[in-house]
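See below for the structure under consideration.
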Amino acid sequence: MTQPLIEIRSAPHVKAAKSVETIMRHVVYSLLPICAFYIFQYGISALASILVVTAACLLTERTLISTGTQAGRLSDFSAVITGLLLALTLPPGFPLWMGAVAGIVAIALGKALFGGIGFNVFNPALVGRAFVQAAFPTAIASYTPSFLAGRFTEFIPSSLALPLMMPATAADWLKAKNLDALAGATPLAKWKFDGVMANADELLTSLSGNMAVGPAPALILLCGAYLALRRFMDWRIPVAILGSAALTAWVLFAIDATRYPNPFFMLFSGGLILGAVYMATDMATSPVTPKGMWVYGALIGLLTVVIRYYSGLPEGVMYAILIANAASPLIEKVTQPTPFGRGAGIGRKRASYPLNPGYISREEASAVTPKKRFLHRKPKK
Amino acid sequence: MHETAFQIFVNTLLANNLVLAMFLGLCPFLGVSGRLETAFPMGMATTFVMLVASLCAFGLNLLLSYFHLEFLRLISYIVIIASAVQLVEMVLKKYSPSLFRALGIYLPLITTNCAVLGIALFQTAREYDFIQSLAFSTGGGAGFTLALVLMASVRERLQLSNVPDLVQGTALSLMLAGILSLSFMGFAGLGG
Amino acid sequence: MTSASPPTQGSIPVRPVTVVRATGPGGAQPPQKLPTAGMIRTLGLVSAICGVIIVAAYQSTYDAVAANKRIATERAVFKVIPAASSIAEYLALPSGEVALKVGAGETAASAGIRFFAAYDAHGQLAGVAAEGAAKGYADTVRIMFGYSPACQCVVGIGVVAMRETPGIGDKIITDREFLANFNALDVKLNAELSALANEVKAVKHGAKTQAWQIDAIAGATITSRAVGKAINDAAQALLPRLVPRLDALQQRSKS
Amino acid sequence: MNATVDIWDEFTEGIWRQNPVFVMVLGLCPMLAVTVSAVNALTMGLATLFVLVCSSGLVSMMRKLVPKEVRIATYIVIIATFVTVVDYIIQAVSLALYEALGAFIQLIVVNCIILGRAEAHASKNPPIPAMINAVGMSIGFVIGLFALGSVREILGAGTLFGVSLFGSNFQPWVIMVLPPGGFFVLGGWLLFFSWWARRKQRTQAGRTGEGTQHA
């Protein structure tokens, strides 16, 4: 009996002496090169977008903390991460006022609603992104090509739309620059609506120019690898997401190569890499059990490919992650390791609520929440 | 246009989810989604009632349109649904008392679930044939269950977090439903 | 339900259980004598009152509803065939016959394809309008299109029902460039009159080269495609039946 | 004197104290689905008003005749009758409106407010108070629907009753007329009211001087 029999495990136990601030700070560090390259790609508009969105997030967070609505501190860097990620998912020429709306919604609806840092159920950046995607579908679909001449001196005109007003259409501006209106479509949109597939090198670095792509996937992978190596992030989730997306895409590609694009295109187009590395790995919104992480990642990968192929939108990562966020408590529950002594049976008991009618309408003020049974035996302080 | 049964099923399950896109069955959705243990059985019971009601409504509609009595449709549907719920209750009581005990308090609630009547009305309005109606009602029921289970999963977790007092209660549930509905928008156009 | 419980040995009281079971659909009432006659009388009375109310409402609104429906249909048809001044509703039956539709309660209607013949002020056939539907972005897009026998082309479309995204998908009603596609959209039949000569299809914005192609709205490709598919499917089904019989429709029949 | 107070009380109960939308949160399904514009919201509210008042009257008139065992069945049949009637009336008035509201007119049948009122109030009171209470309740419902519908229309289309408010260059917030917008706007109203109630409570507590202030 020399082997340890007892393994007590519950919500995240980080063995190293890392505080939340340390982790968050390193995530911000790792995001900086990506932002820098993004600004290099799109110029002054991208810079303004990143600044405005992040500022909106910080201001909202500050207001809500000072009114006591939400827990947390401004110095924990979490709002900065939300702002940076949100800005990276928006088109560079996204009107600044809409960016501010996205930032406010991200923090207020995605985070403060649930009580602040660590309690959010959905990734705040994605809540903000999904909100503006539904609210301003035209603006969010207008991308501009990267590496345009004069990008450091001139704003993309749609950026500077007056608050609450409609932005100028990107198509006219592009026409004035002698560019095809189609240059403004992302690789995914081009594939989905026109059947044009982008080349591998264009996707990987977007250095060949004139492609409307988001932040460079290769760089994101590099920065993600840094985080994973320093153990600031669990490597299982990105691996599971990319693996399951590649597998699904490969199976479909094998079935009908003319109709479906190759897995490589699937992985490196759109926001899949960014989502897999930075969004899905948000600790508060993903399962803590290793098995749960695999399930969670696989679900995201599968849903992404399904939405991209079969639904009306070209991009699906955001929705896949949001749905998986909602399912993550469920996944966690199913994949909970069996407590010692309970045996590996199906019929093992869990703490449960008694079934009583008062439970049906908990909204009513008079109804009381039944107490969890095991809480009764908890020693009183 | 002829939609295949599979398209209808996927469409009602995800893209046009009864609860999150059509706003049907919201009362039980907000009321019973507090715990997973109750959400899932409730979803299954509703699905079953939907199936029964949809099939009855299909037959009834044939009968009514044969006699040109379309103006009696609504009143007969509601009676049929009430009877279907009663029937399900009696059958369960006889053949599966344990399930009946587990569901006992929820079964009568299903009568006033507008999702059930909605299924019957929409399938008539869209002129679905028998197979299509079958797919529509099972898809609708599965979608209802899915929404309920996801919502319960989230709400169960929120019991452990310090949600601001101001938001507690229905407002929180509505906001959550809104975010879920937002995430389901990604499925728009699915099954087309 | 009422199966007698086996005689019990011992002191387990089985009887109350059977009583509860026997109360039936009424719910949880005390197991006393049920006022069955009263219940039936009340239900009968209620049904009678409700029946009277419903029938009265149905009868008194019938004309107004019918008139409304007719006006709505006429408006939709006039929109797609500007020259029209009166319409008649027909069914194109699978046998190749074209029948004037009478009354609202045709049970055999499922086999026929509904269309409207539109006549100008002199009673001459101005065009034919029919409905088509296809899956759009959010839900089914139902459109009405006008067909002109003279040029064998579609001369106008109108949207009957859709739930497309406001600001994007609903451009199919407002976008002039898109609507210009339907000034003369070619839906010629092939030599055997059995199918369309060319498939009507939406192509990406700016790529229209043929008269039977639809230049899609940039950014609303899916909805544009749905319109194309709706026209194609409906025309494919209707026109081979309709075109050989056009002569029968030339003059407005007295009905 | 007392009687008028009672009647006034019956009338205002539904408008504010027991507002079906904001206080009791009933009848959510039709409420969220049709409130994409102020006109739709008003029509839906008026249709509900008609059904609620008529069915309350009839239920109340028949309250002595109906045995307890079949009361729910009776109520549902009565409600369904009036819904059918209102369905035909709207068709006769405007087909466009009818199509905009779709199946949700028929779904008034399962609106919990109506059955709830029949069961909780009309079956225990004489016709006149029952109908007055029903009118108050429906006015409360109409106000709720209108509050939702107008916010969603103003933000979602930049118009109110079809009249443009901000000029043609306004960027509509499409989300407001989509399903999530419905949830968010209603949630927002509820938040607003609870914030307001709390503020009022706090100022009252401050005035009496015994309020221990902690949020």
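As written, the chain order gives the labels A, B, C and D, with residue 1 at the start of each chain.
The definition used in the following text is that a contact is a pair of C-beta atoms (placed from the backbone, for glycine too) under 8 Å apart; a residue touches a chain by one contact, two chains touch by 3 or more.
Computed from a predicted structure; not experimentally measured.
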*Which chain would you call central, comparing Cα centres to the global Cα centre?*
B
*Pick out whichever of the two, C-D or A-B, is joined by more C-beta pairs in contact.*
A-B
*Distance from the mean Cα position of chain D to that of chain C, given in whole angstrom*: 31
*Round to the nearest whole Å and give the separation of the Cα centres of chain A and chain D.*
38
*asked:* For chain B versus chain C, what separation do you get between their C-alpha means, in angstrom?
replied: 25
*Hey, what residues on chain D touch two or more of the other chains?*
25, 73, 77, 80-81, 84, 88, 174-175, 178, 180-181, 184, 215
*What residues in chain A touch two or more of the other chains?*
109, 131, 134, 137, 312, 363
_Per-residue overlap in chain B, given as positions that touch at least 2 other chains_ = 15, 30, 71, 75, 166-167, 169-170, 172, 175, 179, 182, 185, 188-189, 191-192
*asked:* Applying the document's contact rule, which stretches of chain D touch chain C when the two form their complex?
replied: 58, 62, 65-70, 73-74, 77-78, 80-82, 84-85, 88-89, 91-96, 99, 156-157, 172, 174, 177-178
*Of chain C, residues touching chain B in the complex*: 1, 21, 25, 50, 54-55, 58, 105, 107, 132-140, 222, 230, 233
*Footprint of chain B on chain A - complex, ascending*: 69-71, 109-110, 112-116, 118-119, 121-122, 127, 130-131, 133-134, 306-307, 310-313, 316, 318-320, 322-323, 325-330, 333, 352-353, 355, 357, 359-363, 369
*chain C touches which residues of chain B in the complex?*
1, 3, 7, 15-16, 65-66, 68, 71-72, 75, 86, 90, 93-94, 188-189, 191-192
*Touch list for chain D against partner chain B, complex*: 25-26, 28-30, 32-33, 72-73, 76-77, 80-81, 83-84, 87-88, 102-103, 106-107, 109-112, 115, 175, 178-184, 186-187, 190-191, 194-195, 198, 215
